[in-house]
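Pasting a structure below so you can have a look.
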Amino acid sequence: MAPVPDLLALLPPPVMFFALGFAAGLLRADLSVPEALARALSIYLMVAIGLKGGAALASPGAAEGLWPALALGIGLSFLLPLPAFLFLRGALRIDRDTAAAISGHYGSVSVVTYAAAAGTLTTLGVAQEGFMPAILAAMETPAILTALLLARIGTGGSTGTGATSAQPRLNAGKLAHEVLLNGPVVLLLGSFLIGFLAGAPGRQQLAPFTEALFPGALCLFLLEMGLMAVRQLRAGGRGLSWGLVGFGIVMPLIGGAAGLLGAQAIGLSTGGVALMAVLSGSASYIAVPAAMRLALPRADAGVYVTLSVAVSFPFNILVGIPLWVKLAGG
Amino acid sequence: MHNRKRIEIVVERVRAEEVTSLLDRLGATGWTILPVLAGRGHQGVRQGGDLSGVLDNVVILCITSEAVTARVMEASDDLLGARPAIVSITDCTVLRADHF
Amino acid sequence: MHNRKRIEIVVERVRAEEVTSLLDRLGATGWTILPVLAGRGHQGVRQGGDLSGVLDNVVILCITSEAVTARVMEASDDLLGARPAIVSITDCTVLRADHF
Amino acid sequence: MHNRKRIEIVVERVRAEEVTSLLDRLGATGWTILPVLAGRGHQGVRQGGDLSGVLDNVVILCITSEAVTARVMEASDDLLGARPAIVSITDCTVLRADHF
Amino acid sequence: MAPVPDLLALLPPPVMFFALGFAAGLLRADLSVPEALARALSIYLMVAIGLKGGAALASPGAAEGLWPALALGIGLSFLLPLPAFLFLRGALRIDRDTAAAISGHYGSVSVVTYAAAAGTLTTLGVAQEGFMPAILAAMETPAILTALLLARIGTGGSTGTGATSAQPRLNAGKLAHEVLLNGPVVLLLGSFLIGFLAGAPGRQQLAPFTEALFPGALCLFLLEMGLMAVRQLRAGGRGLSWGLVGFGIVMPLIGGAAGLLGAQAIGLSTGGVALMAVLSGSASYIAVPAAMRLALPRADAGVYVTLSVAVSFPFNILVGIPLWVKLAGG
Amino acid sequence: MAPVPDLLALLPPPVMFFALGFAAGLLRADLSVPEALARALSIYLMVAIGLKGGAALASPGAAEGLWPALALGIGLSFLLPLPAFLFLRGALRIDRDTAAAISGHYGSVSVVTYAAAAGTLTTLGVAQEGFMPAILAAMETPAILTALLLARIGTGGSTGTGATSAQPRLNAGKLAHEVLLNGPVVLLLGSFLIGFLAGAPGRQQLAPFTEALFPGALCLFLLEMGLMAVRQLRAGGRGLSWGLVGFGIVMPLIGGAAGLLGAQAIGLSTGGVALMAVLSGSASYIAVPAAMRLALPRADAGVYVTLSVAVSFPFNILVGIPLWVKLAGG
């Protein structure tokens, strides 16, 4: 009764737990994960990713290729919202604020999608650049700026049409903080720096926490993400047209392809190429929603949260990661 | 036993600070914020617990004078503009008048 | 400023959905559910936090018209039958009448 | 539909038991304790979440008769002496009179 | 100053933590475990038990003896409520609904009692069948059906006596979900399946999470269970007559003896016999209370929760497990 | 790109995480740790410290020197509030109740400061007495009694001045529980006892939980302590005069010096001397605030919590520990 040999690589345990959570949600099973546990696990994953990446970067020669990769990641985060916005406005006729907010999510990245991909690579024994967590952190925010720009452009002409179309007063200071100092960026970069400074001895001391526990913690977290995806579909699904659902599937493919080609162009390793594709194809569900809620209060939070958490996240976990790993040659 | 107003506001957690600083500015001497598990309104069901926290609501409770209440009523529509909160007002009595 | 009723119901968490769908059916435009830490009533002290969750209570808050309130009063005795909830009603005023 | 009073008390979590046993002694038939996220009053901003728990507040809700309410009003100043709580009282109606 | 050599086997650390929590509760020490931690630990224990069992079943020959054991477990879960109900109605004159609800708890099982027993067996080095977690999951629900049947039977004749004795309208769909798709069953079976599919490589990857952490997590959880037992005794203890307390002690002995004899009859290993006795003797405190609350709203939740959590659980932890392990020959 | 070799010892990862949390707080980054996680980690740290200490004491000869160390710790806890109180009353003119409450915090101890110091010693490879966690537990409470005495002494003469200056009725039973059975003491002593009874085999079984995870858990917890320190400064900082801030820095130096000299006098090992200095210099932020809130309700909780959490804790983590470790000869 031995399981199919390659199953573990195609469908690693964390992904199966995502499916379990999703199925339990669909069947309305009486199962829930405490919110504090979900938040705790998400903090743990970011700290562990950061620490591991920083320690990897501290080893000799590990910084080679960092700058082009960084430039690529930041560039993709800045630019990917553009096609998203044009499509949402042009083809789906979504209102400007909501379209801008959605497009910001797809330029930015999802930490857990990254974590799941990194886990798959580890299982497959595919190496990757140590600096990838820094790329992950760097890609969180540029897309937010593009989204805000997209929301503002073109509203200049309509200021005369009255109070309803005017942008609400924006607390610029608060927004800047939200954009630059959002939780994931601070945690990832902070842990990355600490991991770098602590180096090999620090890594060894923290390994039981950051490395040995990682797959198990990811399983629990993806269980909750499966439950959350269904919860969001139920609460916010009515707001999603079929067009939007299609967008939530196609956009990760466009983003992922862009990341894949770019990473191959700058000569990243197989693992690096796969991760860059995964990052570009993923959509934020922590930092960007929080920033958009403050900056674009008239955008429909139900739509962008649901699209990101309940459509694109599952698609990336189930289809995106295996696809990019395969195409990268893993 | 002194007459006061009890203002109760349901609002998004991310906007709670805007509301409480409005209350502060308008002269309220205090307020209390309570957590919300779930709710329904014109925008449909709202269930907290997503990781970004943007779908969480809170209840803000403020016991204050008639004068402050009147100012809040005027101002709230303005401030809450884009995403209106649910505001209800009840008569109440309090023990120590000087406290409110 | 428009007159409405504020209905406040203390009920077991596992039965909250029955109450809110009753409210929905009777025409309420919204409601808010708040968590409860502990309580005492005819059945004695109730302290949440057992793992099955059956001892948790919640407070359901609903601001609605007099007409809906009347219907809730009639219906609640029926629905809550076996395990009665605590229901209290207060007069309140609201800002935008069309919302409730 | 019977007239009762709705007493709402904001008090430190560590003192909540003193308040509820006062309510018990004075004849209230029940009460409900709700968690508080944050608050502001004469002592400034109060934000829960320190590990000792001394900065957490709760809201205690008690629906009771006019007679008990009068006794609570008299007694509360005395009991709460050192660290006064915020007490407000509202008129309300309830369904089953015998329950309160 | 070396401790008594055999103490660890008789009173392993998790049981000592239960005693610590219980003592702290009795002394009203200012000690509490956040509810989210208790729920998180209970999710962790179920996932870990399931994964480990599934991986064990994936090893060659491990499924031998599964079907008889499954039949035994399901049969016991169906049948044990009967003597419980008869005693509660006949000797203690408990009302029908509450008697049915209580009896359902004792046919079903307690995951943590199982976990503590499994821990004791590991400490003693006693082997067990890998499929036992599947038996655990299978025994959760049959007892709920028996309990509902017991509550309905005989109320048919009394429908004429008026509204007070009529059963409240039952939301059958919701109940079916509660019964078939309750959290513990979904988590245990889902994790079991994932563990099975992931096989040996998956087990190895997840071992630091599911196996190395298990004893420590169990310690923390039993600390909270000790505190919770006293909390329940305080809040719901007035509802317990001495007769009920006696029932809460004798019923685990009856159930355990039935499990022990049945398991020996079908030829389980020493560890399997001990675990089957522990399962049959244990009483549910997650799935069954939740189902009963919905199905039998007039049954007294204070009584069944308190009896299960504050009487039978401590008895099983302190007396039952050592007894069954000993009698099984461990 | 290797980090400075000695950095890890001077600034171990947990301390860097404290700095990260503090910086994130100062910059008002949108980062928060769920309260349940903070409480869970604090329970974990106490259990792990207790278990490890108890197991260490169970090894042959480990109890040597226990009694003098215990006497020293208890004595310091009783006496250190005295200079604190005199200074607060005399130099800073703080009201009697608040002065008494504050001084109680500085006689008592901080579990996390201890944990951070123990982590530093482990990193440096400096040995320590196994019984130190028992000293930690023993030092929690004596200071509370001194503080209460200080608050009562001298109020006897002013009873005639009316209701406002009379002490509020004190629920003595409740207070005694708070003092003797506060959470940290029960958890530390209980786990210590369990660790002792479980001995070497128990230690081995629990090591992945209590030892391997410890540095990582400490990192997460100190991240939250950094955030909490800033939160407290914001909410309660207005109540702190510069004099009080100075007290919050000088008092740890006085306490630490007393601990250092005392420990050297009774001949503790290098690690023991450092830990005793750290304990004496640290200020409680769990047990003592809770006790003071009940016993001295007129004392200003905002002041004592803020001073302990936001001034002395950071000072001890960043300056105190390296100083005492250095002076102890580590």
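In order of appearance the chains are A, B, C, D, E and F, and numbering begins at 1 in each one.
Definition applied: a contact is a pair of C-beta atoms (placed from the backbone, for glycine too) under 8 Å apart; a residue touches a chain by one contact, two chains touch by 3 or more.
Quantities reported herein were computed from a predicted structural model and do not represent experimental measurements.
Engineer: Listed by label, which chains are in contact with chain A and with chain F?
Structural biologist: The shared contacts of chain A and chain F, listed by label, come to E.
Engineer: Give the label of the chain whose average Cα location is farthest from that of chain D.
Structural biologist: Most remote chain from chain D, centroid-wise, comes out as A.
Engineer: Of all the other chains, whose mean CA position lies farthest from chain B?
Structural biologist: E
Engineer: Looking at A-B and E-F, which pair shares more C-beta contacts?
Structural biologist: E-F
Engineer: Mind checking chain A against chain E and telling me if their interface is mostly the same residue numbers on each side, over half, or mostly different?
Structural biologist: different
Engineer: How many angstrom between the C-alpha centroids of chain E and chain D?
Structural biologist: Distance between chain centres: 39 Å.
Engineer: Quick one: report the Å distance separating chain D from chain F, using the average Cα coordinate of each chain.
Structural biologist: Roughly 34 Å separates the two chain centres.
Engineer: Taking the mean of the C-alpha atoms as each chain's centre, how many Å separate chain A from chain D?
Structural biologist: 45
Engineer: Just give me the whole-number Å value for how far the CA centre of chain B lies from that of chain D.
Structural biologist: A distance of 19 Å separates the two centres.
Engineer: Residues of chain E that contact two or more other chains, please.
Structural biologist: 34-36, 39-40, 208, 212-213, 290
Engineer: Note the residues in chain B that touch 2 or more other chains, in rising order.
Structural biologist: In chain B, the residues touching two or more other chains are 34-35, 90-91.
Engineer: Once the touch criterion is applied, which pairs of chains come out as touching?
Structural biologist: Listed by label, chains in contact pair as A-B, A-E, A-F, B-C, B-D, C-D, C-E, D-F, E-F.
Engineer: Once bound in the complex, which stretches of chain F touch chain E?
Structural biologist: 34-36, 39-40, 43-44, 47, 51, 57-58, 60, 62-63, 177-178, 181-183, 186-187, 190-191, 193-194, 196-199, 201-202, 205-206, 208-210, 212-213, 290
Engineer: So in the complex, the part of chain D that touches chain C is made up of which residues?
Structural biologist: The contact residues of chain D facing chain C are 1, 4, 6, 20, 24, 29-35, 58, 61, 63, 90-96, 99.
Engineer: Would you mind writing out the residues of chain E in touch with chain F in their complex?
Structural biologist: 1-3, 7-8, 11-13, 16-17, 20, 23-24, 27-37, 40, 123, 208, 212-213, 215-217, 219-220, 223
Engineer: For chain F, which residues are in contact with chain D within the complex?
Structural biologist: Chain F residues touching chain D: 35, 38-39, 42, 168, 171, 228, 231-232, 234-236, 238-239, 285-290, 292-294, 297-298, 301-302, 305, 309.
Engineer: In the complex of these two chains, what residues of chain D are touching chain F?
Structural biologist: So the residues of chain D in touch with chain F come to 12, 14-15, 18, 43-55, 81-83.
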